Amino acid sequence: MSDERYDRGLATLRALHGPDGPRVLLDLGAVAPDLARFAIEGIGDLYGDTTLDPKTRELATVAALTALGTAPSQLRGHIAGALDTGATRAEVVAVITQMYAYAGFPAAQNGIELAADVFRERGERGS
Amino acid sequence: MSDERYDRGLATLRALHGPDGPRVLLDLGAVAPDLARFAIEGIGDLYGDTTLDPKTRELATVAALTALGTAPSQLRGHIAGALDTGATRAEVVAVITQMYAYAGFPAAQNGIELAADVFRERGERGS
Amino acid sequence: MSDERYDRGLATLRALHGPDGPRVLLDLGAVAPDLARFAIEGIGDLYGDTTLDPKTRELATVAALTALGTAPSQLRGHIAGALDTGATRAEVVAVITQMYAYAGFPAAQNGIELAADVFRERGERGS
Amino acid sequence: MSDERYDRGLATLRALHGPDGPRVLLDLGAVAPDLARFAIEGIGDLYGDTTLDPKTRELATVAALTALGTAPSQLRGHIAGALDTGATRAEVVAVITQMYAYAGFPAAQNGIELAADVFRERGERGS
Amino acid sequence: MSDERYDRGLATLRALHGPDGPRVLLDLGAVAPDLARFAIEGIGDLYGDTTLDPKTRELATVAALTALGTAPSQLRGHIAGALDTGATRAEVVAVITQMYAYAGFPAAQNGIELAADVFRERGERGS
Amino acid sequence: MSDERYDRGLATLRALHGPDGPRVLLDLGAVAPDLARFAIEGIGDLYGDTTLDPKTRELATVAALTALGTAPSQLRGHIAGALDTGATRAEVVAVITQMYAYAGFPAAQNGIELAADVFRERGERGS
């Protein structure tokens, strides 16, 4: 009954991150199929709501994951997601920098190091 | 030497939250003058950078404080700040809702309850 | 399309916590309808999976919310949920006590204080 | 005076995890002897209480460490502990999956990745 | 067998916080006797080690609980403990203020508000 | 206008950690110049206040970062900072050990492992 939600989630992941977008969650599904399905459906649900534009969603998620500090690989993914939905590198840096005030310097510094990795992988001037 | 930064911070607080904007931090200064000064200067520093528009800054902060779940009074302040810088109630609700995916339902639910309080204080249809 | 998941979630909440079980989430829905729907559907999804019996699910949730320390009202709800699905008071106390080792004494102490409240509301010897 | 508690803790570690069970804590003791002793004694205290069966204790600990997200090596140890005290792989996956609802998808995803590692080390079909 | 440790813990609590020092933990013991005993014994263990003087122990604990932000009543207790073991109000304020850099302004602000409460209860100029 | 604060921060970093003290933050500045400047200025501000001696500041920071558990590289830096400002290895171990009581055994164990690394790098008997 939930195939529609699942397919919408897969489509959202491809639209945001390219054809390989769903790969991490599909890999997860080999061990934890329910969790992978909940995550894919959840992404479809959240991005199906257009109250926030995708770039603002991604920047807010970058802020939250920087502040939490417990999910570096997911933070990398959402830094990439912010760039892929139109944020500039300077905007990503600014939102992570701001987190020093709400979660301390180490949280912000660790976030910037992940951003620097993502930037480096995309090349000196690429998006 | 840092009077300029301090005054800029006070001006930012008044611009964002009205003439009473700096009150909480000035009260804090009666017990912890250094902390109050660092906070006021920091706000001036962050908002003096226009890479992000104030509304996006506030929404990102709402996301982070919802995810952390340890600063309810500051979260209320930034929910108000988001509304004061142009966010709609629906955008505030959407950014808090999205946090269920990154910090769990209780974090999102607690954030919505604070938002409901702020909305109620501002009247049924006011901003 | 997701009425089935939503209805299953409502039924789960009633089965676990009595006719008033869904009330908190329905109230939440007045402000954040999407979040309430995601939460109700999520409960149906999780409890629809019978790999874990409901009592073990509730005790594991009590452990996690005690350790996190950021969701006291939800922790109260799941302490009640553990009792409602067959846990004894001693088992609830033991799972919270154990959290001192993984999240420190203050987290465990705060959890016990919430458990004591729930126990008191249910009467000296009731479940 | 506390040799009895210490010895009971060592015995508990061996009963749960085999002859090498105490090794990590004994190694820790080379640098921090008090911490190692407190930990070993604490394990004896907690597991000496039979209010909860060892499997439920381990699953509750897996839930808490998944939600906290700050102790990956200890989470691996307790995933192994859950399997060693009779939990199935499906039960471990279910308790970690459930944490998406209380601590977000990244916490659950990171927990599943650690579980997948433990499962892999134990072989395709071993416990 | 552990009466000696328990009695040492009670004596430590009385030495640090006066005759009523153990009360909170004894109250806890009515609901969770094991947790209360572990906490009292743990306090005896930690304070029986004189590597750190009691004031430094208390200031370090104030720092940690300020940063965590999840244990306000325990933070109040350790602010009082710092004053009772010789810290000045200015030292307490300085250690909490410093936490803005490691855990953000809201954590530090919330810590200062608790310190202000403790100071007020002890009178304008008392320790 | 803030060159004075910035220069004071650089001088503090050199005084605490030797000529290479500012390197990590200067590297950070290549990607996030504002964050690096805020951090350097903040260090100058905090250490310019002599209410706490530098050793107590560092030990309190070690306590907080151990409890948070999200900033291992910064915790290593402050373990080194504690040794560089006069703390003994035993004092560093004691303050981390104490954190088991406030943030659980895994947090303390992870902190000790980082301390062991720092000690090892400095040689068997060096400071």
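Assorted remarks:
A, B, C, D, E and F label the chains in the order they appear, each numbered from 1.
Here is the rule we go by: a residue touches a chain if its C-beta (ideal position, glycine included) is under 8 Å from a C-beta of that chain, and two chains touch if they have at least 3 such contacts.
Bear in mind the structure is a predicted one, so any value in this text is a computation, not a measurement.
The interface formed by D-F recurs in B-E: of the pairs listed in A-E, B-E or A-C, only this one shares over half of its residue-numbered contact pairs with it. Chain centres here are means of the Cα atoms, and by that rule the chain farthest away from subunit F is C. Centre-to-centre, using mean CA coordinates, subunit C is 23 Å away from subunit D. Distance between subunit C and subunit E, defined via averaged C-alpha coordinates, is recorded as 30 Å. Between subunit D and subunit E the centroid-to-centroid distance comes to 29 Å (mean Cα coordinates, whole Å).
Subunit B has residues 34, 38-39, 42, 49, 65, 67-68, 70-71, 74, 93-94, 97, 99-107 in contact with two or more other chains. Those residues of subunit A lying in contact with subunit C across their complex are 1-2, 4-5, 34, 38, 42, 45, 49. Subunit C contributes residues 39, 42-43, 46, 49, 51-52, 56-57, 59-68, 71, 74, 88, 90-91, 93-95, 97-99, 101-103 to its touches with subunit D in the complex. Across the complex, subunit D meets subunit A through its residues 68-70, 93-94, 96-97, 100, 104-110, 112-113, 115-116, 119.
Of all residues in subunit D, those touching subunit B in their complex are 67, 99-107. Note for the complex: subunit F touches subunit A at residues 28, 31-32, 34-35, 38-39, 42, 65, 68, 70-71, 73-74.
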